[in-house]
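There are structures below to look over.
Two complexes follow with chain A in common, the first pairing it with chain B and the second with chain C.
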Partner chain A sequence: MTVEAREARQPWILLSPALSAVALLLFVPLIFIVVYSFWLRSAAGADQVGFYLDNWQEALSDPFYRDILLNTLKIAAITTLVCALMGYPAAYFIARSSGNKAVLLLLLMLPFWISYIIRTMSWINILGVSGAFNSALMAVGILDEPVQMLYNETTVILGLVHFLLPFMVLNVFVSLDGIDRNLEDAANSLGATKWQAFTQVTLPLSLPGLAAGGLLCFVLGAGTYITPLVLGGPTDAMFANLVYEAIITQLNWPLGSALSLMLLAVLGALVLIYNRYLGMAQLMKGLG
Partner chain B sequence: MGWQLVRFWTLLVYTFMFLPVAVVVLLSFNASQFGSFPMTGFSFRWFIELAQNEAILRAFRTSIVLGLMTAVISTTLGVLASLALVRYRVPGANMISTLLIAPILVPEVVLAVALLLFLNFLNVNKSFTLLLAGHVIFTLPFVILVVQARLVGIKRDVEEAAMSLGASPRQTFFQITLPLMMPAVAAGALFAFTISFDDITGTLFWKPGGVETVPTQIFAMLRNSISPEINALGTVMILLTVGLPLLGLAIARRMSTKRGG
Partner chain C sequence: MSAVTLTDIVKRFGDFTAVHRMSLEIPEGGFVTLLGPSGCGKTTTLRMVAGLLDPTEGEIAIKGKRVNEVPIHKRNLGIVFQNYALFPHKTVAENVAFGLRYRDVPKSDIARRVQDALELVQLPDVGDRYPKALSGGQQQRIALARAVVIEPDVLLLDEPLSALDANLREDMRVELKRIQDRIGVTTIFVTHDQSEALAMSDEIVVMSNGRVEQVGPPEEVYNTPSSEFVARFLGASNILEASAEGRANGTVTLDVPHFGRIGVPAVRAPQIAGAGPAKLVLRAEKLTLAKPGTAPEDAVTVDGTVETVDYQGQAVRYFLRIGDAQFQAINMIDGHPFHEGDAVSVILRPRDCSALPGGTA
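Moving on, here comes the complex of A and B:
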């Protein structure tokens, strides 16, 4: 073999373990559940192999699934909006601060490292019947009896925001940090007020970061089932909870496959639209 | 004025992020019977009970073994792939990058279902193997992103200098490239371990009955009520998951300054 041919083969040898892992453990399984979603759950024994449209008919026509899907998208949208409103100014502060940016950023990233389940359950200590809020309100005499503030849609959103906010801040920060500050100065010297310079120069230039953060918050938020289980009430199930129910509790794997694929289709469409207009590069910057 | 407002807002955001965590740590030292306010005194009793709780210790062992194995496999695959992508001109490199990070573009629930059903079809039931396969596949993209970002920073000049001084490609790799890569490798492994250690979404689908990792154990305990033991466990987890990366970061920084990389 020539040196060139060997040189050309080397990267593929290096890539093959990772590529085969992704193919075998992600792409083939995804194709497999497409097939599985057309099988039929049988009352006893193995699922019936074949081509049945029953699961899809149930998943797509039952208003129960549709309502929960819409509600899931609504919760994800509100979560994303709140993350943007809370995260943008914080990211701006970190990017423009004269202090130690690295430390400020690291501080905000610390919760990102703290276990998701711990952070989610920590709100029970704050808002629960014997939590910090109730104790404080009773101590100063505003409340006579503790009030249950937990287990509703608002606390689900609260938990999600707490979980996803660092993703937003990081992405916006990366974007803001890359903007040449002379641009703002130039706008100012040409007569723009600070606010005008921000809304007409800085904000538009930071939109890619905001979009990347928004995509992450939305997709991760819409795909969760743990937060509603810990902080939601019995009626606050999100779409991923339905998947969990079908697969783990009811052992209805064909229906579970169809529901998973529905979730993938909706969230995948968002990722594709994002990729079409903004490209994956921005997202990679924020993640790496 | 505007800047003061932004500063105040940022302070609120930091408070929002840290307050619940701080309360977990505070309550874990509460002497009271219940895992809640009021604080009745300072005590280590919940940590002592934690250390004697067989179920939790077992969960810790499972999580640590799983995390270590995930880190080793994921980092090996990830470093090899990153080397190929950074060091060689690969046709379709963008496409390959996207394929490799696909596991984080697919919602984790969907990945969990697909892997569970497919491996079950291949007669791999819910088991440690399934759990490991799952953890490897969703930590891999993070490892690749982190390692790739660091690898770009290593200058090829040093390698070329070694080669021109007569080192073979093999010698150059083991004596120059690999040591320079160590911070990247360490960062990738640490990332994989932490993500694996923290995972619950996929783990609940993949774990066999009776096997618990630390997060699923906490989740199971939450079903009853929030006991002071959970807060103590939370404090230990916080120390581990925050302490380890910080330690790793410090080591990586030290190594890179020492080597002048």
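Moving on, here comes the complex of A and C:
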């Protein structure tokens, strides 16, 4: 074997464990799901093997699914926007702080040490009828009796922002941290105010990080079912809840498969658009 | 009227004093270099003039007006940073035009002035490229074009050549000086490189530990250093403990170990008034080696031995042993260099020496 051939083979050898894992744990199940989506759940409760388009017809034509899909995208979009507005200043603060960046980043990562479900449920203790917020308002006399603040769309978004904000901050931070501080000084020296230097130089240069954080927030937000389950009301189901419902409650795997593939297609399209314009490299930077 | 006046400037960072009570006047159109090792306060001083740092005490005036409270974007300064600091997401032309957009320059004039600036730095054809597509030296020229296109009151250069490799650095040095001469802008240049300072400046401010050691034209700072630090920082010097015998007829006579009595021109010993401890400063390049017995009559000569030879191409640096002391001599190579262990005559001319008061280090 020539040296070139050996060198060309080396990365593949190193990648093979990861590639095998991805293939076995991701692509093979995905193929199962695709196959499942064409089966049919009979009235008797058994899955009928075959090539039926019924599930797809139902998923694509029923306005119930379409409305929930649109609502899911809306909630994910609002969540992403709130994360961007809250996360950017935080990331800017960390990137520009002198010396203690590592501590601040550690504080940012700290919530990840607690289960996402526990973090979501903690809002019940804060906003619930006997939660901290109600108790405090009653103690100072603003409320006479507790108010139910939970189980609506706002609390779902609140929970999602709580969950996703670190992803946004981290991505924007990486982007901002890579920008030479002298650029702002240079802009200032040329006559730009602090704000103009920010909008003309820092903000455009940090957009890739903002976009990467936005994509992560949107995709993770749109795919969640735990937050609406814990913090949403009966009408606040998101699309992943429908998949959960179909598969876990109704045991209708074929329909659940079709629905999950629908969500995958929508979010996948979004990722492809992102990749087309900004490339995956930035996302990797933010995750690394 | 001075272009820039610093009056009793002090800068403290917590307990650390970066600049101790510094005063300086820079004339209109002058090229002044702040020279010193890292940590001497030269960059801190530049950043205070720029408005990137606020002085703890003292006053900074530009064209006679106090600017302490004037924010950086209103000071009308051109700054060239060590790492160029070009905006990577803007084309070269957009980079150069950046400052003009904040000055009421009509759109039609912007393009023309950008082109003029690019021609000034001899890069007329790169306007629509991105900085990344240019070499380091080209990026440096664009950074200079961007700084001068706004016709700044003062041009501030923060070690602008140190990121370039040696050959390019010398070319850019000449180029920078040519451009500065041509537009006549008052310039403050920060560097730790003595040869840059000597080659480019009208005036050099040598700094050490936040204090000004000496201010003067290059020849003066080089030939008549006012302290041991300056003597050592600008080129290699041999400094000998000596004793001054007195000042008479434009000459200060020193009694120097190994060399005997040397009459230093009084102008090169301005700090010595009469008899007392002194130091003789001998530039390494003014110490000439010759074969024993070939020295001219009028020079001071001692015998020495070559200990180490540091060959540098057109010149050679010798480490010599004279009695119990080690000396450095830098000689141009004329014929064959000496070798380690050679016995030589070490020749010096008294008029090449300067003297400092002794006693303190």
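Simple rule for what comes next: the second predicted complex is superposed on the first by the 269 of 288 C-alpha atoms of A that agree within 3 Å, B and C clash if a C-alpha of one lies under 4 Å from a C-alpha of the other, contacts with A are read in each partner's own complex, and residues count from 1 in each chain.
Everything below uses one rule, namely that contacts are C-beta pairs under 8 Å (C-beta built on N, C-alpha and C of every residue); 3 or more make two chains touch, one makes a residue touch a chain.
In this text, all values refer to a predicted model and were calculated from it rather than measured experimentally.
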Tell me which partner A:60 touches in the superposition: chain B (first), chain C (second), both or neither.
neither
If you stack the two complexes on chain A, which partner ends up touching A:185: first (chain B), second (chain C), both, or neither?
second
Which superposed partner A:205 touches (first chain B, second chain C, both, neither):
second
Partner chain in contact with A:225 - chain B first, chain C second, else both or neither
first
Just to be sure I read the superposition right, which of the two partners does A:103 touch: chain B = first, chain C = second, or both, or neither?
neither
Give the label of whichever partner, chain B or chain C, reaches more residues of chain A.
B
Name the residues of chain A shared by its contacts with chain B and its contacts with chain C.
194
Touch list for chain C against partner chain A, complex
50-52, 71-79, 81, 83, 85-89, 98-99, 101-103, 146-147, 150, 156
Please output the residues of chain A touching chain C within their complex, sorted ascending.
180, 182-183, 185-194, 196, 200-201, 204-205
Of all residues in chain B, which touch chain A in the complex?
2, 6-7, 9-10, 13-14, 16-21, 23-24, 27, 34-38, 76-78, 80-81, 83-85, 87-88, 90, 96-111, 113-119, 121, 133-134, 136-137, 140, 142, 144-146, 148-149, 194, 197-198, 200-201, 204-205, 214-215, 218-219, 222, 226, 230-231, 234, 237-238, 241-242, 245
Of chain A, residues touching chain B in the complex
10-12, 14-15, 17-19, 21-22, 25-30, 32-33, 36, 86-87, 89-90, 92-94, 107-108, 110-111, 113-119, 121-126, 128, 130-132, 134-135, 162, 165-166, 169, 194-195, 219, 222-226, 229-230, 240, 243-244, 247-248, 253, 256-257, 260-261, 263-264, 267-268, 271, 280, 284, 287-288
